[in-house]
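Report on one structure; see the data block that follows.
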């Protein structure tokens, strides 16, 4: 069975069904959405079960020529970098769909669910695409459902936020399209064959200058999507104006698209270019860490706080990828999953509090723990994971990211540690500001904000996943090792890293004799 | 066998903590007590069993590691979930579970009127688990995990009464400063990982000597480890959280902020002594910081009015002694003092707790006096503790402190400096502790008497106070001057022998004993003259040295300086970023992009006039251009 | 074929120009549609001329398709004109600009 | 010779009536003038050996379509040409440009005609017959045929909807 293709097609089919449902068929819409998303989850579990942990290249590949004349194909598969992201996507979307079904918007409910399904299909396509054009199609396609969700069901400033979200991210993507085409054409000069398959491009030596320019084209798009400082301007408005369920999906899953692209395309396809852009990108990531933390410290609402903290957290992930270190990169892959879970949980807590009290304003909340002790416990878990308390799942990723960074550039790790300290400050501000102190802005000691069974359905699985990763991260990392090593190896060779740091010696080393490790003293 | 028991010791408090935390609603107090206290009792009993088991082995066969499973394997680095059972960790286990059990027992009565009885015991069990994880961890990764978990438990318990803004703020402060310490520890781990390629204790300590004595790397590792130790053990300049931590319930102060957690820094340095032995500079820095801390904290303790704050500053000062000792290389002395301090400081705190409980949460010394009559048990506990901490011969503190100081006297110039500071500290310690004793238990009752009369504690609270009071006396007899060195012998397999290890000699012991006894008695005498003999005297003398005393009363204004240097500028910077940089920079990029797109759109839009004929004109224009181009091509072609 | 194809093309061109002038100058929507018919016929002349030139039915087929499209266009165009101008006094296409961007 | 005369007559007719279409102020006259143009063009088709196309031209175009125009003109009544100033007056220069462009096209067509096979084509007579056109429609141009029918269908439905909404609009207000 072409499971990976089904992974994309099933939610797409669900979206089509939901799209033609009349707006009043709310029960049927819920059913279709839940069945669609659960089926997708089941398929993703099958994909994970069939996954071969020791295989470095894409596996379970479904290949179909799409536009043969242009070398474009439907090529989807999974590898160690994407496998957990696929599972994260299906899990988070399952929980998100449940949350959406619990509070389906009064207006055009089925359409709301249809767009969520569409977004899921697009993201799964993005994480599995093995062809650059396909990647680009899903990259842009993903914007549409999210933008419409913000545009139609968002807060007061939904139009502005939706517009900025679309225009800004699309402006960046256009450069990527140019870079994609340029890359394929340049590769054609070398191989004599036009192909947009990523694996075909990995063997091509572009030369340092070309590589740098092409990578820069991709980086703009990635930087906006990640978002890397100072390209994060769309984030606060989108996160605070989107319906909260959509914010969960944006923060948990969509924010991984940029860093995923960096590791899937940027590093392995343009190893010669990384060296020139390593320090600038790393500095932007570091600024993002400190800057995001500072803004999170002073942010007026919970949503903004978590949103800015995401800027900081993604700075860590970018840092882990860009320094080209095996430990850091594997930490980064793990941290993508961790951040997905933690951000989803954090926004889910925000959702529970906002629903119970009617506000997400930090100044108007306080002392909820008395009436909502169960929520306080869940929130505490989330807080500790978000500030990466040692022993939490996020700490595992952060520890190995920074450990790897420290190996290569110790000063970067030291600066990044500032973000670790600030994380404690702003996350405690959020936790204590809402849960502790004298009760504020709520009646009934905040009992209305208590976590009920319907909230627990969403929060408890997330917390269980956090505990799982905290207790045994090896179970995830074991699957990512081979692919991450393969993705990094060319860049490590190009950078002239010591041989013992390199996981696998890439075939292309022979193509670029100037950087052959054997000749290095 | 030893490791299997140790695993159980570790896991039992965790399980009971989880059961309590997950219990739906509030269980009956009996159930909470059974789970919360019983689990610690089991852990204590098994710790004793481990101890006895190790005693049966030869001295060089008392170290075992046990790995549960491969926790992660990443880029050639394997981290196992493993524990290390050796004399050092067993000694810590005994202290943690033993003192922990007594304090749990005490809490059963102390907290019984609190709404969140269950939450209290769940947090306390979490703490005991975390502390055990800290001392049992077999590698740096899980050391850090335990290190942070005790910080979390401390945070939860300081902020236990979360409706009080002061408690919430204190909890946050403690947590953030502990995170700073965590960062130091993590960086140290990174450095060890980079230089030695492993996080495992055994491999790291074995490879330490390969880094070269007094090399910059070793110095950096030691100082980073010490950042972690200083934050946890409240050493200057990271000490400011501990006095505020007194916002927590008194048993918490006794267990976490006196007996166990704050001494984790001492444990860390002893555990990592392989690195400290290699760098005399690092050791000296540690010792000097310890010395400064002990003296500074002692001066602050002199004037505190809050009974718990006196004890808190006293703790900072006492931990300073230990840090000073281990910095100089007197590891066994430091650990001895750690143990003795656990006994007498716990006794002091629990006795203070009895007072506070009896006076209905009154903590101010100004509202106390003459309590001797009402609270015999507390008087005993406080008295024994004060005699011990002041260093009166025969009590635990005497032997421990003299062991430290006598070792220091062998430590060269820095050692002598530390000795002098320590002696000075001993005098101040006797002074401020007996001030506390005299003002609370002697003298007249406060104006108007006690309304209602202080009620004595029941046995839940009394037994631990009495037991710890007795331990404050006999606990010091494990290591006596002139040759009875049970603690040093026990720890010998861990600390080893070498040029860097300090031991007292007979000569230094004689000198130290004489001087310190004089100092202690002098301090007690001065306290009696000032506070005991005539309660009015201190009021008459209040005008003396107002300025310096105000500085000391404000704890040398560390908090204010931190606020001015770090917190306020940081907050202002963040505000500037939020209100100025963010709209101009990142948002400006967007505004610019949007403005550009909008402008371009407006341009295109104006062509869409909606007039059909205008469109026809455009079409004609196209035709015209096409025709002209066609003509040009034809002309060129022919 | 005694008349050269160029003659047909020139005629076609002239008719097209006439139609264009009509579209550009007349503001009555009905006149607009009539002018468009003129232009379509100009195209048809060319198509059928070429069909004759190359002796191929495709041109005629195309011309027939154009006629069908023209019929459809007139139906819709007139329907719109009737719908819009039923209630107005003046017949002016320039007033039909509600689709302005 | 006869062919040339016929062409000349038809061409003059087409252009003459066409001028009428464009310049008659009265829409009714313009429409009638269009009939003349259409008939002239039909004559051309016959000269070009396309009898079927000529027949369709007369029946569908000159018959049905122009009649429809006349109906609408009659229905809307006498409104007269608008006299308000033309807002697009200044755009006339584009019109002149267009004339130049079209002239250029014509020049190219005439001057660059060397490649055309002038009289080469054999005068077979069966290309324009209904049979051959039907054959072409159902074989080579099947897609065009189907699309055309679809367009007609859409146009028919569209016309119905337009008429309906027009009736409702009139009734509602």
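As written, the chains take the letters A, B, C and D, and residue 1 is the first residue of each chain.
Note that a residue touches a chain if its C-beta (ideal position, glycine included) is under 8 Å from a C-beta of that chain, and two chains touch if they have at least 3 such contacts.
A quick note: this is a predicted structure, and the numbers were derived from the prediction, not measured.
The chain with its C-alpha centre at the largest distance from the centre of chain C is B. Taking each chain's centre as the average of its CA atoms, chain C and chain D sit 5 Å apart. Chain A and chain D have Cα centroids separated by 59 Å. Per-chain Cα centroids separate chain A from chain B by 37 Å.
Remark: chain A and chain C have CA centroids separated by 56 Å (rounded to whole angstrom). Contact of a single residue of chain C with at least two other chains is seen at positions 20, 24, 27, 94. For chain A, residues touching at least two other chains: there are none. Counting partner chains per residue, chain B shows two or more touched chains at residues 611, 613, 617, 620. By the document's touch criterion, interfaces exist between A-B, B-C, B-D, C-D. Across the complex, chain C is touched by residues 604-613, 616-617, 620 of chain B.
Of all the residues in chain D, the ones that touch chain C in their complex are 1, 3-4, 7, 11, 14-15, 18-19, 21-22, 27, 30-31, 34, 37-38, 41, 44-45, 47-50, 52-53, 56-57, 60-61, 64-65, 68-69, 72-73, 75-76, 79, 81-82, 84, 86-88, 91, 95, 98-99, 102, 105-106, 109-110, 113, 116-119, 121-124, 127-128, 132-133, 135-137, 140-141, 144, 148, 151-152, 154-156, 158-159, 162-163, 165-166, 169-170. By the touch criterion stated above, chain B contacts chain A in their complex at residues 21, 69-77, 119, 141, 144-145, 147-149, 151-152, 156, 159, 162-163, 165, 168, 171-172, 175-176, 179-180, 182-183, 186-187, 189-191, 193-194, 570-571, 573-575, 577-578, 582, 585-590, 593-594, 597. Residue ranges of chain B in contact with chain D, taken from their complex: 611, 613-614, 617, 620-621, 623-628, 630-631, 634, 637-638. Chain C meets chain B in the complex at residues 20, 23-24, 27, 32, 93-94, 96-101.
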